[in-house]
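In the two complexes below, subunit A is the common chain; its partner is subunit B in one and subunit C in the other.
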Partner chain A sequence: MAGWIHESEQASRPMARAGLDAASEMAAAGAELGVANTNFGYDSPRRKHHTLIFAITLAAILLAISLIVPLLPLADPVEPDYDRIAEAPGFEHPLGTDLHGRDELSRVLWAIRTSMIVGVAATGLALTAGMAAATVAVYGGRITDAIFMRTADVFLSFPVVLGAIAIMAVMGPGRRNVFIAIAFFGWPIFARVFRSSLISIREKTYIKAAKVLGAGESRIFFRHVLPNSIPPLISYTAVATGGAILAEAGLSFINLGVQRPDPSLGMMLSESMGQFEPAPWLVIVPGIAVTLMVLIFILIGNSATRALNPRIKKAG
Partner chain B sequence: MPLEENTSQGIQALREFSLAIEAGASVGIIGESGAGKTTLAALATGLMKPDSGSIRVDGEELSAPGKTRLRNARIIQLIWQDTAGSVDPRIKAGDIIGEPLSIHGLSGKNEAHDNIAGLLSEVGLPGKLADRYPHELSGGELQRVVIARALAVSPRLLICDEPAASLDAHAKLQVSELLLRLRAERNLALMVIAHDLTLVRRITRELVVMKRGAIVEQGPTEKLTSTPSHPYSQLLIGSDVSGMQAPSPLHAQRSL
Partner chain C sequence: MPTTRFIFYRLLQMLLVLFGTVTVLFFVIYLLVPGDAAQAALGNHATPEALENLRRELGLDRPVWVQYGIYLQHLAQFDLGTSQELQRGVGGIILEYLPATIYLTLAALTLETLFGVGWGMLMALRRWPRLEALSSVTSALLLALPVFFLGMLLQYVFASRLGILPISGTGGWNPLNLVLPAITLAAAQTAIIAAVTQSSLSQEMDKPYILAARARGLTRAQAMLKHGLRNVSGPVVTILAIDLGTLLGGAMITEIVFSWPGMGRMVYNAALFRDVPLVIGTVLVLVIIFVVINTIVDILYGWLDPRVRAGEQANG
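And then the complex of A and B:
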């Protein structure tokens, strides 16, 4: 009976409501007076999510580029041309050539493709596995919960990159194994976040209200628990995608990821070590690419938190 | 419609509690915090099971095996004290009211819209509110939406747990008028759990004073509020004469 109504929630709600009531009353008053704009400037739908829309647009462009790279009229990213080693950016090679005379633009676009595919797919797999584990843990009873969550704790005690290195050492380097390694060590955080989300939503008064209305368990889960438990994950998923891209770059940097001669941002950075003075584009181009990709996903994560909350949607 | 409860074991939130509510009756329950009022609502709606004793409707046990949750939902409904918390923040008002209709298969796809509009107008709300999210509604509007949701299953007893706790004086008056009208029009029995004596006086004909899970005094609201006989009732009612809140448990304990 202690859990029936949450004390803290009760205490905080009336205050929040009071503020909202005041706002809606003001809005109603404005409407009666025939005032056209009653949102007082902070509810403009255009301003509302502009950061999020901007970041998602950039991510969509990145994804589009990585999907159409094979169709673009680019120079071969793999075939060396020893007559044109480390050429500065120019008409024929807009971003210059690398130490093997390969077109830097072509290589960086192919590398972005690899990063995006590995980052998105690994995060997607980790997310799916984490959500499934959390759902089973929460609904499977105390013992199942303990087994799943202690397993997650064991995984969490490894840093993702370190754990991935261990896996790569066992399974051997390569793009497919990078993806598996990142997902393998990525799922526990999703499981943790989703589990706490599920648990807190399950205790909400509106879940009990649905029970009193006669709703069955599956209806309650799919209609109320799931939709309200996912939003906290969305921001985290975006940030984790950035993290996965960084992890792929890191593993490739130490030569455990994508193998030569295929291009990858981490490998391009490691190959250009010591070349900053003679050929700065070899450092700057992949460096900017990886930084921008990670930043875009972090930006999505941060702005999504605000946009997804119906309560701060208004003031966003 | 007799409704009866007896719990008498362990740490008791309710003990030797027996209450019968007739169809269309209106019963107020008052008592300090922790008197077991909320437990009573949880038991009646099937969220908790009594350790012993029973809850019966027309002589039939509510917790009898079968599709209890579905069956009980259509008999007893609850208006939650935490109104804002009792609705899913991601679901629009119209769909909130439509949910019980779809759970119980009370209206087909085409009728649902009309039924929702009908329920909205029954609680005195314009149909356009159906497209609003809970946070876009005022406290009074949301309270009506929640009442409409409960009415969707045509319950026979509506339990209102502090129905006006978070409302201003005007909305409070409107909600109590609405409840009175619903009782008359639908022959709906009301059980109003409240601290607010003014509200209880306005809505209910019978009054039950509870203390630590037991009934202290019971009788017609009018008589009990004007001449309470038990010292505890006198204290509760006396302290509220000027519309003040009921005494805090600490204060009540010291004074007795």
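And then the complex of A and C:
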């Protein structure tokens, strides 16, 4: 069963359930970033943790690749070699060369590194900002809460890609600007989810018990409220990372993302437009790389939802 | 809550969001543009006097809140500024490119509704042991495929290889031109709509009124079509309205792949020349369209379904 839909309906109960609220929470996390948690009831209990472990392993491999790329004995991803333009995959260049004679394997690995850096940095920034905003909103009283949540509404009204286009056009291209632009419109989803989570955890009996036992406000927050409020964020974070990778690729595709000569999967694809006939590897290699990266994060999100929330399993 | 008060409340909320949107964009420009608008308009070789004059003319020498006031005043008169590159009013340029984008977006919305709802209904009808795995994999794949990569794949298969559809969207309003761009744009959202339909429909199908319908001799399919579907139309339409934002953002990228003569190409060129007023104006217009349509859908939904209005009251 599509985990988020259940989860966000539960989460949104304390909030106004009109239009840009309940639905946007789910859609914001999914639709706005171009991804959503869709599983169509396909789950066999024996396999669920296997999928999660499998997906996390793949993500770890991706992360490892992007960390060690500079150490690998690869051809220069930037320096053109006009004697070997668009060579088919062969012994010397396992994935062929691009229109400037650069080694495609080296470029795709460097571009994966770019995608991972932007995806993880953008999501990390949005997550941190969203959690901070939600904490201030929940503990700051009614007025602070209203101000923060209405601000989140405003940012939610920007489809992420459109908002990022505006920021990139103003700030100019570059890797740092891309992750700022994506996080700038990505934080409200995390603020929304974390706020609902905090509110529901704060009402739990064990929190009252801790209070009765004399625990201080900050001890209760850090020892009890915070750790228990985080799980709902996990799948959002995974899927949002995939969304950020997609957004970066999209922005770079329309020249509003990573700047040349930094290799980026979106830019590699935009340079290969119209090359499918003569040099299919120039389209297929970066295309499959983006798709697989996003797929891995969607898979983590999907399987984490199910592993963390046994109720959804039964409902499926 | 009475209907009129509900409508009033939603309209007020919409105005607040629009006001916030405009404010966010103003500060994006004000804080992030390197140099200032006068420098950007006149280039690096402008004389200090010319710069000074233009600054005074644009109000750039005034304090920020006065500039903000001027900006709001212009917007209230539907004046989005002047494009630096084309030396024409931004509003006029947008109106010129808007129809093609709307045309593409509506086509994608139609596809996504038909196939998404159909897919969701099929999956909610009963358990399909084989199909569920396939459906789950397909939806994850559709969500992970970047629009530009999917677009290039479809171009290759249906235009280059099979030659049954035109490769680009230019060349008149021939509906055949629309097929590939619309499919490309709709793909990811179709998976989301399918998931939402399937999830809310399977919940609905467990309710007593469906059992009553079955007892009266309707088949499960008939009960779903005659009763179940009507009750999930609300959430599905709400998600469709929210998807519109993603579609508008995705259209920007799809249009580049298919040379579609809409706002995407226009923004692409504007961004290349760092034409800030044109890019910001375009984003603003698209966000306004998105927010207004969402409000209309919300109001209609609340008007048709009293439970929504009641929920609004219960939660403030």
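Simple rule for what comes next: the second predicted complex is superposed on the first by the 260 of 316 C-alpha atoms of A that agree within 3 Å, B and C clash if a C-alpha of one lies under 4 Å from a C-alpha of the other, contacts with A are read in each partner's own complex, and residues count from 1 in each chain.
Here is the rule we go by: a contact is a pair of C-beta atoms (placed from the backbone, for glycine too) under 8 Å apart; a residue touches a chain by one contact, two chains touch by 3 or more.
A quick note: this is a predicted structure, and the numbers were derived from the prediction, not measured.
Enquirer: For A:209, select first, second, both or neither according to whether it touches subunit B, subunit C, the two together, or no partner.
Expert: first
Enquirer: In the superposed arrangement, does A:219 touch subunit B (first), subunit C (second), both or neither?
Expert: The first partner, subunit B, only.
Enquirer: Taking the superposition as given, does A:227 touch the first partner, subunit B, the second, subunit C, both, or neither?
Expert: first
Enquirer: Go through the superposed model and pick first if A:160 touches only subunit B, second if only subunit C, both, or neither.
Expert: Touch status of A:160: second partner only.
Enquirer: More residues of subunit A in touch with subunit C or with subunit B?
Expert: C
Enquirer: Between subunit B and subunit C, whom does A:51 touch in the aligned arrangement: first, second, both, or neither?
Expert: In the superposed model, A:51 contacts neither subunit B nor subunit C.
Enquirer: Do any residues of subunit A touch both subunit B and subunit C, and if so, which are they?
Expert: 1, 5-6, 14, 16-17, 20, 24
Enquirer: What residues of subunit A sit close enough to touch subunit C in their complex?
Expert: Listed in rising order, the residues of subunit A that touch subunit C are 1-2, 5-6, 14-20, 23-24, 26-28, 30-32, 34-42, 150-151, 153-155, 157-163, 165-172, 242, 246, 249-250, 253-256, 266, 269-270, 272-273, 276-277, 280, 283, 286-287, 290-292, 294-295, 298-299, 302.
Enquirer: Note which residues of subunit C are touching subunit A in the complex, please.
Expert: 10, 13, 16-17, 20-21, 23-25, 28-29, 32-34, 123, 127, 132-133, 135-136, 139-141, 143-149, 152-153, 155-156, 160, 188-189, 191-192, 194-196, 198-200, 202, 235, 238-239, 242-243, 245-246, 248-250, 252-253, 256-257, 264, 267-268, 270-272, 274-276, 279-280, 283, 286-287, 290-291, 294-295, 297-298, 301-302, 308, 311-312, 315-316
Enquirer: Show me the residue ranges of subunit B that touch subunit A in the complex, using the header's touch definition.
Expert: Listed in rising order, the residues are 13, 38-39, 42, 45-48, 69-70, 72-74, 77-78, 80-82, 84-90, 99-100, 103-104, 133, 135-139, 149-150, 153, 166.
Enquirer: Could you list, by residue number, the parts of subunit A that touch subunit B in their complex?
Expert: 1, 4-6, 9-10, 13-14, 16-17, 20-21, 24-25, 204-206, 208-216, 219, 223-224, 227-228, 310-311, 314
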